[in-house]
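Per-chain numbering from 1; labels A, B and C assigned in written order.
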Amino acid sequence: MAQSAAFKRNLAGWAYVAPLVVVLIPFFVLPLIAVVAASFFETDGFGGLFPAFNLDNYTEILTSGLTFNLYYETIKFTVLTWFFSLLIGFFVAYFLVFHVRNQLLALGLFLLCTVPFWTSNIIRMISWIPLLGKEGLVNEALLKLGLIDQPLEFLLFSSFAVVVAYVHQLTIFMIVPIFNAMGRIDKRVVEAALDAGASRFDIMRLIIVPLSKSGIALGSIFVISIVMGDFFVVKVMSGGGSASVVGAFYENISVLQYPTAAASAVLLTIILVITVGLIIRFVDIRKEITR
Amino acid sequence: MNLGKGHIEIAGVAKSYDGFTYAVHGVNLKIPDGAYCCILGPSGCGKTTILRMVAGHEDPTVGEILIGGENVVGLPPVERRTAMMFQSYALFPHLTVRDNIAFALRVRGLSKTERYAKTDAMIEKVRMTEFSDRLPAQLSGGQQQRVALARAAITEPRVLLLDEPLSALDEHLRIRMRAELRRMQRELGITFVHVTHTQLEAIALADMVVVMENGKIKQSGPAREIYAAPKDRYVAEFLGGQNVLSGKVGKINGTRAMIASPEIAGIQIPMHAGARLEAGQAIDIAVRRDDVELFREDTALSDQDMASVPATILGIEYQGNFVKVMLDAAGEAEFVAYVPERRFFENPFKVGDSVLAAWLIDRAHLLA
Amino acid sequence: MSLARVSDVVATSVSARRSRAIAPTSGRRPWTFYVLAILFTLYLLALYGPMACIYILSLQDLRGGLVFPIKGLSLHWFVDLFTQVRTGDVQGSFERSFKLALVVTVLTVVVSFLAGLGFRKRFAGDTVVFYMMIGSLVAPGLVLGIGVGLIFNAVGIDASLFTSALGAQLSWTLPFGVLVMFAVMSRFDHAWEEAARDLGASPWQTIRLVVIPVLAPGIVAVALFGFTLSYDEFARTLQTAGSLNTLPLEIWSMTLNITSPALYALGTVTTIVSFLVIGASLGTIAFMQKRREARAPGQQGGAA
């Protein structure tokens, strides 16, 4: 009887998630397998793929100095974006949760932060052009103030611009989960710590940060996976000065080098899986989310 | 068999969630039709599990549950004609008081006019007419409870099951709503099964109290019997109002026995007809706290019918109509005397005083 | 009643005194408040400032360029956007994006809602499904897009908007939808369902009369996610859309070719659409809450 109850429960569970699985298998699992398979295939150079078990694609990308450079650039952007979005996101959430007295106002300000998330990322990215360009507002202002006598070149179409665009787009992915996690912190815990003589810094280090861990982890997963999987921002905002792993992947695809592209994608996915896996080991996000 | 429609019989019921440990085990219980029954026990003792099995929200792993003589295991709640009042009420937050109460009629397909006519009569009964358009969030705890009661009662159940119905209320309201529950039960004339962990609530309300521990029933019976004549140390201590003393039987002398163990050596206990004791047997006795009288230690007790133990006063709490005096006596962790207020203040004791705690021998009660 | 009011007053004053140190509810604010308030203001400025710039620059006249100062004031570039052939098929791509987003929204709401219900109880293999979903969320979109292309190629179906692109977008919107559903359902009391069952509701009646109405605001939020994530989706659609462009793909090709404020005009138009959708969603949620309260007049009730 207990067994049949468990069976019924499992059946009901699967019935509910069946539509999700029906979408994810052909549009996530199989494509991933296809890419992995393609990474071992041979090509005629005109888009034709021939089943094979060929490790040449991997040796090619692993021995190429270009690969190292690509990964270096991508990881550099990932780390910088992660750092700045976490820094800003954490303190914005902290401000809203612990410093805004009126709860309704805090919620309103929070929503204000999220609105741009619902608008086009591409538009938000190109909107930096009139600001950061050679004749953009920032340079104009600095020139007028006499702080510089020549327009700063590094503002647009540079690594700087790439990081700015990423942080601009992705900080919201830090704010939302951290805001959620902090919102669940019982304010009396903080009061108890104050009563025990903890300083502002102690409270931050010993209470707020540990209790916001799940939010930080979730936000980090979002930011890291989006930056590592992106090529568009790097392509436009670096002005061609920087490349990215997925950018190279895209170039390879457009010249029909599917197997090389696939091998590179597999490598990237492995790195991504390891990173996300490490974060998940650190925090059980399933428990945190469904709580 | 002529069983009332709200007669409940639980026969050999056990429930296990994991197949290894039992939430309830070997439970047999008969609740007469129209009774107010309280199931009493600490949290985790299995009392809510029993309630949910009667309600049809859980199935027993083994055993039978009969309502009105018919086995209801496997039937959905509606077919059992039971209704449940949930802990913290589970009122639908998006529906007004009227629509909450009308819910059962709505799912039965009654038209709006029909169901509102019936509902309004029920709202009247629980005195919520002026609040019938409010949402649950706009009601006080007591009002929410009335709505929950009305919502359950509108299905015309033969049994109403209440899961800790008063625990969400503050002390003051709890006592008021307690009386209201009893009034509703009388008006509806159906069986109420009420789960609680508060002894006072149980004995104040119930015709029948069931005391549980670790998934098993320890004792069941009328409230007064449970309170005044607990079967064992657990029931006596859980119900409160009793001091429990342990000892070994010494000499037996007609209708009385002498205790021979070190802590309470020399005190006598009554031997009621049929009681069988042997010398050397370990026993527990219970003495009601309000049966304990305190005397100065130098008092010579002349009364042959009194038993006494020396004691030191550990604490004194004024309770209004009586004074609670906590004593260090008889090697027990807790030994308390309830002294009537006037008597206490005629000649008040202080903390640290040495006293004699005495009671009429025949008032002591032998525990299993 | 007066007793309750007194205790309320006491409670608020106690909590006010208690919480002064970290997040003062009265009295002087700590220095950190000012530092963080400045940071927050700067963040908002950086968030909205650049977008405001392109809205302003899109209103220039014929002489307008990509940077300030603003030259003239007209709707020239908006007209240009919808009439000039050289800017591509803006109107067509907009219509396609909108239709696709609507379909994605409906599917996202239904599938996420069901999955949310399913994940409330543990079942054998639930962790596999959960991590499959997380995987779909974090996987590089372009790589998945190529993979979908390869699969469709292998099966012999042509990639098109409402087949491959739809599926690829769902692999992105569904994990979001389910995560939002988790958050929404964590506030749903299981006892409501039991109460409905106790009162004789069938499983379907329970969902229709209790679960959906209670979760309605959350469901609207899922719809908002579904719509905007699809409407703005780029990486997964790039290789799966087939021969016809969606709006983000159109914008992408414009960023590579067009160097006139027409680009900004397009940005303004799509942002207006986004804001209309956000407004409609928030409006719907507010309307639902209002309607509930309107049906329940009465003053503020007692303590809940």
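By our rule, a contact is a pair of C-beta atoms (placed from the backbone, for glycine too) under 8 Å apart; a residue touches a chain by one contact, two chains touch by 3 or more.
Note that the structure is a prediction, hence the values are computed from the model and not measured.
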A-C or B-C - the one linked by more C-beta pairs in contact: A-C
Chain nearest the overall C-alpha centroid of the shown protein atoms: C
Centre-to-centre distance between chain B and chain A (centres being mean Cα positions), rounded to whole Å: 58
Rounded Å distance, chain B centre to chain C centre (Cα mean): 52
Rounded Å distance, chain A centre to chain C centre (Cα mean): 17
Multi-chain contact residues (two or more partners), chain A: none
Chain A-touching residues of chain C, taken from the complex the two chains share: 18-19, 21-25, 29-30, 32-33, 36-37, 39-40, 43-44, 46-51, 53-54, 57, 66-68, 107, 110-112, 114-115, 117-119, 121-127, 129-130, 132-148, 150-151, 154, 167-168, 170-171, 174, 178-179, 182-183, 186, 224, 228, 231-232, 234-235, 239, 248, 251-252, 255, 263-264, 266-267, 270-271, 274-275, 277-278
Complex contacts: residues of chain C adjacent to chain B: 3, 189, 191-192, 194-202, 205, 209-210, 213-214, 216, 292-293, 295-298, 300-304
In the complex, chain A residues that touch chain C: 6, 9-10, 12-17, 19-21, 23-24, 26-35, 38, 49, 88, 91-92, 94-96, 98-99, 101, 109, 112-113, 115-124, 126-131, 133, 135-137, 140, 168, 171, 180, 187-188, 190-191, 194, 200, 203, 221-222, 225, 228-232, 236, 246, 249-250, 253, 258, 261-262, 265, 268-269, 272-273, 276, 285-286, 289-291
Residues of chain B touching chain C in the complex: 55-57, 76-78, 82-84, 86-88, 90-94, 96, 103-104, 106-108, 131, 133-141, 143-144, 151-152, 155, 172
